[in-house]
Amino acid sequence: MDRRERMRRLLAAYREGRVPEEEAISRLEELSFVRLGHSTLDMARPVRTGRGEVVFAEGKKTEHLLEIVEVFLSRGENLLVSRVREDQLGPLLERFPRLVYHAEARCCTHVASPPPPCAHRVGVVTGGTSDVPVAEEAAITCEFYGVGVERVYDVGVAGINRLLARLEEMRSLRALVVVAGMEGALPSVVAGLVDRPVIGVPTSVGYGAALEGMTPLLAMLTSCVPGLAVVNIDNGFGAGYLASLIARL
Amino acid sequence: MDRRERMRRLLAAYREGRVPEEEAISRLEELSFVRLGHSTLDMARPVRTGRGEVVFAEGKKTEHLLEIVEVFLSRGENLLVSRVREDQLGPLLERFPRLVYHAEARCCTHVASPPPPCAHRVGVVTGGTSDVPVAEEAAITCEFYGVGVERVYDVGVAGINRLLARLEEMRSLRALVVVAGMEGALPSVVAGLVDRPVIGVPTSVGYGAALEGMTPLLAMLTSCVPGLAVVNIDNGFGAGYLASLIARL
Amino acid sequence: MDRRERMRRLLAAYREGRVPEEEAISRLEELSFVRLGHSTLDMARPVRTGRGEVVFAEGKKTEHLLEIVEVFLSRGENLLVSRVREDQLGPLLERFPRLVYHAEARCCTHVASPPPPCAHRVGVVTGGTSDVPVAEEAAITCEFYGVGVERVYDVGVAGINRLLARLEEMRSLRALVVVAGMEGALPSVVAGLVDRPVIGVPTSVGYGAALEGMTPLLAMLTSCVPGLAVVNIDNGFGAGYLASLIARL
Amino acid sequence: MDRRERMRRLLAAYREGRVPEEEAISRLEELSFVRLGHSTLDMARPVRTGRGEVVFAEGKKTEHLLEIVEVFLSRGENLLVSRVREDQLGPLLERFPRLVYHAEARCCTHVASPPPPCAHRVGVVTGGTSDVPVAEEAAITCEFYGVGVERVYDVGVAGINRLLARLEEMRSLRALVVVAGMEGALPSVVAGLVDRPVIGVPTSVGYGAALEGMTPLLAMLTSCVPGLAVVNIDNGFGAGYLASLIARL
Amino acid sequence: MDRRERMRRLLAAYREGRVPEEEAISRLEELSFVRLGHSTLDMARPVRTGRGEVVFAEGKKTEHLLEIVEVFLSRGENLLVSRVREDQLGPLLERFPRLVYHAEARCCTHVASPPPPCAHRVGVVTGGTSDVPVAEEAAITCEFYGVGVERVYDVGVAGINRLLARLEEMRSLRALVVVAGMEGALPSVVAGLVDRPVIGVPTSVGYGAALEGMTPLLAMLTSCVPGLAVVNIDNGFGAGYLASLIARL
Amino acid sequence: MDRRERMRRLLAAYREGRVPEEEAISRLEELSFVRLGHSTLDMARPVRTGRGEVVFAEGKKTEHLLEIVEVFLSRGENLLVSRVREDQLGPLLERFPRLVYHAEARCCTHVASPPPPCAHRVGVVTGGTSDVPVAEEAAITCEFYGVGVERVYDVGVAGINRLLARLEEMRSLRALVVVAGMEGALPSVVAGLVDRPVIGVPTSVGYGAALEGMTPLLAMLTSCVPGLAVVNIDNGFGAGYLASLIARL
Amino acid sequence: MDRRERMRRLLAAYREGRVPEEEAISRLEELSFVRLGHSTLDMARPVRTGRGEVVFAEGKKTEHLLEIVEVFLSRGENLLVSRVREDQLGPLLERFPRLVYHAEARCCTHVASPPPPCAHRVGVVTGGTSDVPVAEEAAITCEFYGVGVERVYDVGVAGINRLLARLEEMRSLRALVVVAGMEGALPSVVAGLVDRPVIGVPTSVGYGAALEGMTPLLAMLTSCVPGLAVVNIDNGFGAGYLASLIARL
Amino acid sequence: MDRRERMRRLLAAYREGRVPEEEAISRLEELSFVRLGHSTLDMARPVRTGRGEVVFAEGKKTEHLLEIVEVFLSRGENLLVSRVREDQLGPLLERFPRLVYHAEARCCTHVASPPPPCAHRVGVVTGGTSDVPVAEEAAITCEFYGVGVERVYDVGVAGINRLLARLEEMRSLRALVVVAGMEGALPSVVAGLVDRPVIGVPTSVGYGAALEGMTPLLAMLTSCVPGLAVVNIDNGFGAGYLASLIARL
């Protein structure tokens, strides 16, 4: 690849004294970016953080998305493509057959080199059946970063004994992602019962006064129970990322 | 009193044939209103509904309030004055020493003739200590209408075992008023555990994203648990009134 | 069915002393849940409450919905499937021909064993013709729970004499569900005229400042008339459920 | 006064041909403004519209307010000073003893030359006692512009027979200003019963979901009854101005 | 028609003394309603107000709409059907070829007997070209009620000289309907220049911070210029109705 | 063209004394408008400001749009048609093949006579790839008005070193348009690093709590960094217009 | 203390076989609650979680607060009293001189037995000087739970080099609490630079479009940078609690 | 001062070779910050931008404010202290008698060395008298940065001829700050008439639907007129800063 070639030549020139140190550093840094016109990809980030790269597909033109994925896959990076639109899915899988599609979670992953094993597991909990797609996005994200997941689905406050039946299991996990729409009470109830970091994910499940997820979002934020922080509506990825970060501390 | 005198004369005139029936009815109806310039009091209402009259004090000028209370007390009505402002309290109690002041609930009552006894009791439940004033408004209202109250205070979802410890008691009541601020999860949890009509009262307790009570209000409205309806923020009176209406069905 | 078989074997083992009491109880409780991966169904609930089960269809994947309905019908439960999406209707009726579809109310019911008769009736009232679908959801729900319904449709405040003409009828009912969009004034007017518990249902009928139902919702909540509580926008089911609960007290 | 002197000299110069016509016009127009640094008063407006001038006091510094009132009073204009703050009232009345203060309406008026009589009257209606101050602002405004007012106070939907008792009276008026807080249903009910232009004035009376008047405002705007338009929350002046404009057509 | 037949028989029975007066009146009143299951039509209203009937089509099922229109047309009423959805238009025109369709205004009218002539005209003004459909709804409504209309389109504040060029014309009209989206400044500017009642109609034209019309709505309501009242977003009908009411005073 | 002919005749009549000066001026001014029924085009504006004309296509009927474009192109004006809807594009390009379509920016331009060269350049910066369409609208607008553009795309705060790498370049420009969705932090960061006027453009990129762009809009407005002003959500045109105005000062 | 006495007697009775096991357990559990009328204190919680108890003072009546604090202190618990109102401070410190007051953080602590040492430290970062009180609440909370704190104050995006100068230090910490008002950009920038769990705390610092903290709250939630979760506006306690929970994992 | 002393010693050590270059640079940079515990002051900023420093007083504790001002004044910087609270003013002026207080603008300035003269002037325009304090904040800010200001106050759309009378003057200025509350129409009108960059400043002047300034803010953002950008509600400083930046380009 010619970017690497350019790096090799630059380093040689530096060693031979043809390029001063300052200039070498700034030109090397510049080389870590891949500029695509519409996008500026920082190839140094995965190296720096040791974490696989993520591309948020939803708002992007399909042609832009394909170019970006191309860059990362061609360099052998681990890649998670989240929120894949239906019209993007065909072109994506056709061009990159290596990608694995997770239908429930609406995302694709490619794991070139598996992350190191993690001693701790994370729980992903939902209030209802309709919250499962967001929960799966969180779960797949954790697994992409090498953290095992316990799924506890449809245990909302309408029938709280479903939750109580699995408390012991939940207390053995490192962190909990709790996904709920409508009145968003579940993360508060869980945080009141389990002394672990809880990441609340409000969903847009519900209607009317649920305000497309604003109501569970606000409810989780004003919880009277400590130990709970919140991410954006339907942001399963963000919750999974943070949970995996905590699990790997 | 000259209104009653006018009624007496009108009835006499009717009996003697000096006033036709139609006119008598319409003039009698007109006489059931007391017009105070700023207010139009319908004296026929307590008679019609058999329920004591209520005056909402907060938005009224003290002089207007005193005139209104005067009319009802002078006619021997049962009266509940709700949301009494601090500056109204002195003049009110000074002029009408018969009024009983309920400090926690910020209201005054006068019971001239006790309502008939009611076979059923109502529960008033709160999530926290700060919700007690609103809960007391509901409880005093129920008691004003002759319905007994079971108080279950400070049993919110931060420590749900406090609630579970009193479930049996709550299941024996006719209806439940559940008062909660912040994330407003308690009415959902209660409605999921007790098969009785639940009236949720959101409170303005909380800060920031609690939006002065809008968040618990919206959360209660979008509850995934049926059997629950909601009244305005801090509206203990409205919840107590409705609960007493249900208890007396 | 193997769950029942498992229960039988467990009870036998307990009787024979092979399983201690504590363990038997906890394993029996666990057996009352049916876990479907995406859902956790509590089969003990209908038994406990004596009320037919309800499945909210709208947010669910069709395949998940079919699996859930299968579980309940196969156990002979009364079932109400609410908010059926158009794309779900075909598969649902094809697979479960026993289900009765109520087109106006967008829901399906199956009554395996009729609930006990109820002495009281409930009124369902609408402001306009466009509110009828929500009202029908409330009415069908009441009837599903065995409570008779009086329908009083299109009697909104634009022509209040339409309402006055039916007042006597409304006063004879146990509770009133009042459905209105736009300015949402009807529940206040009804509660001012009829001394019965009124459940207001705001609808998303209207445009612009109606804010998809938020305006009638807020208006009903701030009503100056007591005796009125409110459920979520378009939540005919919730109102019908609560009304039937009150009618059966 | 030197502005008038300047006008006299300018006109003389024009007549004598020392100033061309174009320049004379533009300099005359410029002279119709009184510039006070903080304010630009258009003295030609009252002349042009034939209507007394209005100064909105609330947001102004007292010293600015006094300077502005001084200009208008010194020129013999009719003047309405609306929304007078408590701290402004003393200085205002002390300096301009001619001003008449209307306590309930929180405004001052000075009528130098009464407006021509108006054949029609306007109704000002309120839902409750707490709405009276806003209603009085509307009523005083009408009277300031020479239009007679019929006051119909405290006839809200909690006791709709109070309103029905005065329907005939209301039908004889030219236009109706209907003032209501909380759920704001009254203007809709009135417009459904009286075939006259109705101007709805939402008030900030209420709490919680009343959102400081936004709820009655939105409710009035989404009314299902035609013949109704709305002004800002608590804007009694605006409603009175428009009603007097209609009455004088 | 059998309703009229029933009325005839009832009146005969009354004359012959077989039915007492009270009962006759209440049965006659009842006969003025046409009950369609989904709708309650008050046939006495057009008679009482002398104004043609209006049906709001948008939220109604097509079959309900057709039944309602049938009732009014079969009785020879003037009828305006507003907000006709595209899928309703075909069935409507096919079944009632007498209806005249106004494409820009999205409404249909049938004028059986023209209203009496009106001496005054009304102006309908828009800020931009995109506001024309709402303006046409207002204009057609005025014309339906027999009031002539002056159209002044696309004269918004981006080029205020377009407005100034037509001021004289606007000052000769009885009332002005001013339609504007985006920042909604035009009604304020017009009310500042023309001393006539101005009815502001905010439109949903605009994007982003225009909040689907809430921004011009709020802006018009907070106008610093008196003489202006506001109707709901895109509510051309409501503005036209009120303007025609004012023009006919 | 007959408008010009009419102007010629009017001027002749004036010169010959058949038309007095005042009347000539007012008739000439009137002639500068082209009235299309739905639109009022001010042909004097491009002359007066020396800037090409702009037509906002999105809210307009295609037939209206074509008529408006026809008027401007036929008079040889520079024209920018912004926010072209997909269904408008075909008819537009078919009828006016001279128009150049900019797909990313969704606009068409025709430059009849290029604007004078501008010594300064403007920067257009985006936080992400999804913001590029709005950025391109800004860039094309600048170029339409003759101002060169430096594009700096996808340098948001998730990887701030991408931004730091291009700081020097950005400091050499006259003004910066900074386009960002989601949390909208980029304009603040840029304004803190570059001492140039920054115009923030929030985009509707994002979901949930991004509130369709309201969140970045509000965030930019409350920035703790001075030197930054904001335009409407997705308003690339407005930002580009203002940036070109500043560049040409 | 008589509760302990009751427990001792109960245990004795159990050992002597006078009370069966089941009953003993349920009576012991019941004894773990202290009921104060207004409050239900769960004395078993600190034991169960091993974490000091917290009382939120702000919404409570002073007399209620004192009773609650009394219970915990008398049992030798570690106690944090947060959000102490000014009028509560005097009585609190007078009655419980053991309490240490942290003026900047507006809270009191009493550490009876220090928590076990923690190997990790937490960072508390602010955008500005005005955010310091909220930051101190977070810092004091961490220290109350035995976790050391690094304070990095006033390093917001208006001068980002202040932040860059302390990056290395921040990368050595276990978790970061980032406190910011106004546009709330700092947590995003920090999360983009430091690969650690970041807890964003929006503050009510700012005015106008900051909407009392809603804008930074929404901005943090929609951050384009992962690894960040958010707590309620001004909720320093909640952030500190969660950070200490993570640090102790 | 010891910070300067430390710099001197560091430079000496570097020259003598006791400190290597890299270390010298990083220690010098570190020395440019003044850390006050609560604040991190970047003393290099005024040097770098050549613009006087600004301190926003409102949210700061008085003692913190005094320490910060002390640092800047002691180093001879030009300083603007904006939004001084009443309780801060006394201590501020007492301790720093050099500060000049601008009462209307609520800010203090100290100009140690006047900025270079600027060839261009800026206009500051208001809709009403109540907007003057915000306008003065903008004006004082411009003057602090050496840019002359033309004040055009109280020329809002209620009397648009007041504005037209000063158009020529406004067209001669470099940029315009236009301050308006209530419906916020003035910036749109000005931008339509004057071809200069316009910075709109919404104010919190108004009531009810003005939503404490949100309504004029949103209205300005959705203006149909280009050439206009907006700053936060009441943010006179931000507008003045940006205008001075443009004037000095």
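Quick notes
Here the chain labels run A, B, C, D, E, F, G and H in written order, and each chain numbers its own residues starting at 1.
The definition used in the following text is that contacts are C-beta pairs under 8 Å (C-beta built on N, C-alpha and C of every residue); 3 or more make two chains touch, one makes a residue touch a chain.
The structure presented is a predicted model; accordingly, all values stated were derived computationally and were not measured.
C-beta contact counts were set side by side for C-D and D-H; C-D has more. Using the average of C-alpha coordinates as each chain's centre, A ends up farthest from chain D. In this assembly, the C-alpha centroid of chain A lies 37 Å from the C-alpha centroid of chain F. Chain E has its Cα centroid 53 Å from the Cα centroid of chain A. Each of residues 128, 159, 206, 208-210, 214, 217, 221-222, 232 in chain C touches at least two other chains. You'll find the chains touch as A-B, A-C, A-F, A-G, B-C, B-D, B-G, C-D, C-E, D-E, D-H, E-F, E-H, F-G, F-H, G-H. Here chain D touches chain C in the complex through residues 127-128, 156-160, 182-185, 188-189, 192-193, 206, 208-211, 214-216, 218-225, going by the rule given at the top. By the touch rule above, chain H contacts chain D in their complex via residues 128-130, 132, 153-155, 159, 161-162, 165, 181, 205-210. Residues 49, 51, 54, 174, 195-197, 199, 217, 221-222, 226-232, 237-239, 241-242, 245-246, 249 of chain E are the ones that touch chain D when the two sit in their complex. Interface residues of chain C, counted against chain A in their complex, comprise 29-30, 33, 37-42, 45, 58-60, 64, 68, 202, 204, 212-214, 217, 232-235.
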